[in-house]
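Presented below are the structures under discussion, each in the form of structure tokens.
Next come two complexes built around subunit A: one with subunit B, the other with subunit C.
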Partner chain A sequence: MALLEVEDLQTHFFTEEGVVKAVDGVSFSVDRGEVVCLVGESGSGKSVTSLSVLRLVPDPPGRIVGGAIRFHHGDETEDLAKASEARMRSIRGDRIAMIFQDPMTSLNPYMRIGQQLAEVLEVHQNLRGDEARKRCLEMLEAVGIPGAASRLDDHPHQLSGGMRQRVVIAMALLCAPDLLIADEPTTALDVTIQAQILELIEERKEQMGVGVLFITHDLGVVAKMADRVAVMYAGRLVEQGSVDAIFEQPQHPYTEALLRSIPRVDTDGGRGRLEAIDGLPPSPAKLPPGCPFHPRCRYAEDRCRERFPERRDLELDGHAHQVSCHVPPKERG
Partner chain B sequence: MGSYAVKRLLGLIPTLLLVVTLVFFLVRLAPGGPFDAERAAPPEVIAALEAKYNLDAPLGEQYLSFLGDLLKGDLGYSFKYPGRTVNEIIGMSLPVSMTLGFWAMIVALSFGIPLGMIGAIRQNTWKDTAAMAVAMVGISIPRFVLAPLLVLWLSLGLYLFPVARWETWRHMVLPVICAALPTMAYVARLTRGGMLEVIRADYIRTARAKGLTERQVVLRHALRGGLLPVVSFLGPGFSGLLVGSLVIEQIFSIPGMGRYFVEAAQNRDYTLVMGMTLVYGTLLMVLNAAVDMAYAWLDPRVKLS
Partner chain C sequence: MSLLEVEDLQVHFPVRRGLLQRTVATVKAVDGVRLKLEPGQTLGLVGESGCGKSTTARAILRLVDPTGGKVLVDGQDVAALNGAELRAARQKMQMIFQDPYASLNPRMTVLDIIAEPLRTHGRAGKDKKALVRKVGALMERTGLSPSYMRRYPHEFSGGQRQRVGIARALALEPKLIIADEPVSALDMSIRAQIINLLVDLQKEQGIGYVFIAHDLAVVRHISDEIAVMYLGRVVERAPAVALFASPQHPYTQALLSAIPVPDPKRERKRRRLVLTGDVPSPLAPPSGCTFHPRCPHAFDRCRQEAPELTVRGDGHEASCHLEEAPSLEADA
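== the complex of A and B ==
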């Protein structure tokens, strides 16, 4: 059984300019020990989707207006979209933990590393003092922080970006969560550190069997991390499937275009011009009617301008695959 | 930290010397003199007075003898209050002003900070509007309007507090409220601004994602950074309370320093002006040094050197 099942999630922002459907009918699931990558451009709604799972979307102006977020743990299943705030607090940081994008700003600059870590244990396991400190120390060592004992009394500004992200990861893993949400955890880091952090997340996932919802716009990261991939565009999920299928047989024109826009060194000696997707992502406040990708789509037909395509369930290489496009690949000219 | 404090205090001396020197020559540059009166005194009397206070000596000599006395801690006799030394006047009035200023600051902080926090946490709700309305009223009503109103209502109407004078704690209530209100309003606005900035920070979201209650998020994570603007206001704010209480001292006939501060300058009471400058300058600089140290203690990223 899946660990997390998000079904038809609707998270809207109520602004003075009108209702912005940041997440509009998104469905996906994450299994135990599996990495699901949520991919999309900036503003496609992937971060809002992840914040919705923890119910951390700032309200006002944002609100989850529909759908279900079913979380299975132990023998229980509960719908986080309807859970009480107190129940959510007991889940946050304990059963579902989150790693944020920028380690330079996601730690409290005024608090010692040790305090910030121990706080999680205090809230969820009522653990304080030496015992909490010992657990924090073990976790810092597990995420590969050299001289962890002395680091406990440091403030965040005394650590490098990579070290801080390790601290953030340690903080997320302290209570051995079932689900880890990583919102672009390597975007703010330089490339060598990126690789180390990705490996760390993968290694922890293997050891702890935690399910990972990984948000990124970097397809290189997707290729390295993902078991399954869900592609978002303008608040909608346009395609999802196994990582191999997404890279080898993309079904949606947007996925296809995304893949074409990755620079490659292995074909034509890296001499070809990099392909970009024509046009700009639509403003979430003024989405075009029908399929929101149609103004940029080279296969767009009349029906694409009229209504959003139904989701089609396929099977590719023995894995379930879903795509929302009116024009099947074989009909594309 | 200790050695920094010593260094910082020693560093005040040149600044003070500069201030004192400037003021020494500036008051003497100002037109008029200490013994000018509506009915001019006979020239012999003026000459005798000037001789008595050493005002007929060359300026340089006056300055040097002033510095010499200053080193001994002697600020000389007041020109306008014959028979009283400046040291005596400060010794009598400074503690009164300090007491008034201290309690006013305590009241201002203990109401201003919670008010600002409510404003920030419940931003754009009626609670925010109400808190900021209170602050706006506090800033807008001049003390010379507020003080008589309070006296009318609480002293003459309800007989709760004495109308004036500085004797028991009951005498202190109204002047302290009057002095505190505008400062409280300012503190409330600073707190709200500081908290609003912090509450949107990424690390606050991290704190929520840990499963902390909203109360823990605010008290443990937001308050410290959010109060930094208030901390930097404390130095000038407190010295402002000391000097700005002139109106309150007049209305409640409190024997504080504010009165002398203004009168000394108006009367060209050179020695008293120097004394007031010294007290105010020292206070302001010591408070600012203290605030800097408090800052370093509150924000680990600040390095004192």
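== the complex of A and C ==
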């Protein structure tokens, strides 16, 4: 069952230079116990999408100008796009939790780890004292912090980067959220630590049935983590489908080009040239007309320059698949 | 003659505390590193943060002073040079930095940025037009339009700025370029462009690269040989293909196993060797083999005695007490 349904989300920024359509008509859903990876480059709108779900887009200049963010929990469904700030405060950290790239975004450098964790329980579950401390300790142990009891009295600076990110994950999971939003949670970590953190998120997904919206630009991480993948380009969702279909039969020229451009450790590449994508991603303030990928697309036709392609619904690999491209793969020269 | 030979390089930093700034400890950031690079080849340096790869690079360029050892560039020991000799030697080697935003002076035009090394080393000449032509040619060579010469760094995208950094590095026609994470700050669709540019330049001009990156797929793509570092030491050194095909050191194995590959079906079948714990503090490195507290195969000898690099195959060396590489679970 869907946990989160985002429909036709539009988040715009009203700047002196004009309106920046950072997110322009994005629709996707996340089910319970499912990891959906949101992939894209800087400026593609992937982070603004996740911030919109939590209603954390700075206003002004940003505003959700259209669409719905339906969140199903318990027997209720509510549209977060219309929820009050007070309601959002009670949802954030409780029903929907977030992990950012830099753990210090979520940690207060002046507070002890134990206090910060306990605060979450006090705010959302009115739990204090020994009971709260016990729950915090259990959670720190569950995320694999060695000597967790002695860590409760540490300040964040006394921990390594990987340990801090574990604390943030512990904090995010304390209230057993329905949805976890992870925005590049391992980008700043070393690969052996990244492997530990990814396993941890996977374990929680399997044991607690958390739905995860995972934002990343690392296609290896996508292959490891995702059940489904949504690819964003210039504020639009250009393709989404099952992880296997996205990697094996990409339908959008951008997805296809991206997969071809990366060097891989698992094939005999040698030192040939990589198939680079020419040009630059467009600035969100100055989008080209039509399909925003057309200036870099090898298959672009006249209609691509004129209007944004309608979404086409397909079935690939037994799963629903959506793509927004005028030129179907068969017609590509 | 090799382009670069690093012999027993050591870089130690004193840790000072208190009013009198007494040295209370020493961080052995680089502790006995040996490397070799032939002209026109690429040596990849990999390892996690704090392993000493960037300090090694900086010591080669003499941006930090080595505590011990030799750095032979074209047969000349850079570690022992001073003054005018060092300045002369530095023209042979250049660096490309990770952050194209931080490594370009925002108050200088691109023309001045690219011309600066020529001016610094008195090679700009008196003919201003010739200098502008030269900068224009460098820009063209790195995929930038010379018409942007009078612009400032903020007017460029990240990928274009990295091209400016590369043009600047090429200005003195160096034999050796040290590239420290040159693509990790760039967007994924731009990385391949910059990697291709670096490979093309090497083919044309025979430049040797020391290429530092944590993205092992990129390192494998560009390198002829790879050295894996852990806590200030090289634990394994091998031709790029051999390193990935048969990693010998348990740390290399763990590192390779930790990288997710962009293939969901293979990812599901992979059995991962997940290391526990963090990299120890270089202030208090573990006894014996510094990897032993995280090593799944450690035995008594590993806790007591540091292993030397020994030959494991053609051009392949690893420092591990195990006589044979531990078998990897089949990745099938």
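The definition used in the following text is that the second predicted complex is superposed on the first by the 324 of 333 C-alpha atoms of A that agree within 3 Å, B and C clash if a C-alpha of one lies under 4 Å from a C-alpha of the other, contacts with A are read in each partner's own complex, and residues count from 1 in each chain.
As a working rule, a residue touches a chain if its C-beta (ideal position, glycine included) is under 8 Å from a C-beta of that chain, and two chains touch if they have at least 3 such contacts.
Quick caveat: nothing in here was measured; it's all calculated off a predicted structure.
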Clash-or-fit label for the pair subunit B, subunit C on subunit A: fit
Touched partner set for A:Ser106, first subunit B, second subunit C, both or neither: first
Contacts of A:Ala230 with subunit B and subunit C, given as first, second, both or neither: neither
Subunit A residues touched - subunit C or subunit B, whichever exceeds: C
Which superposed partner A:Phe247 touches (first subunit B, second subunit C, both, neither): second
Which superposed partner A:His124 touches (first subunit B, second subunit C, both, neither): first
Subunit B versus subunit C as contact partner of A:Val26, first or second or both or neither: neither
Touched partner set for A:Met98, first subunit B, second subunit C, both or neither: first
Which superposed partner A:Ile145 touches (first subunit B, second subunit C, both, neither): neither
Touching partner for A:Asp218 - first (subunit B), second (subunit C), both, neither: second
Lowest inter-chain C-alpha distance for subunit C and subunit B in the superposed arrangement, angstrom: 5
Common interface positions of subunit A, toward subunit B and toward subunit C: none
Subunit B - residues contacting subunit A, complex: 201-203, 205-213, 216, 220-221, 224-225, 298-301
Partner subunit C, residues of subunit A touching it in the complex: 41-42, 146, 160, 162-163, 190-196, 198-199, 217-226, 243-244, 247, 257-259, 261-266, 268-269, 271, 273-278, 280-281, 296
List of subunit C residues in touch with subunit A within their complex: 48-49, 157, 159-160, 187-193, 195-196, 199, 214, 216-218, 220-222, 241, 244, 254-267, 272, 274-279
Residues of subunit A that touch subunit B when the two form their complex: 54, 56, 89-94, 97-98, 100, 102, 105-111, 119-120, 123-124, 155, 157, 168, 171
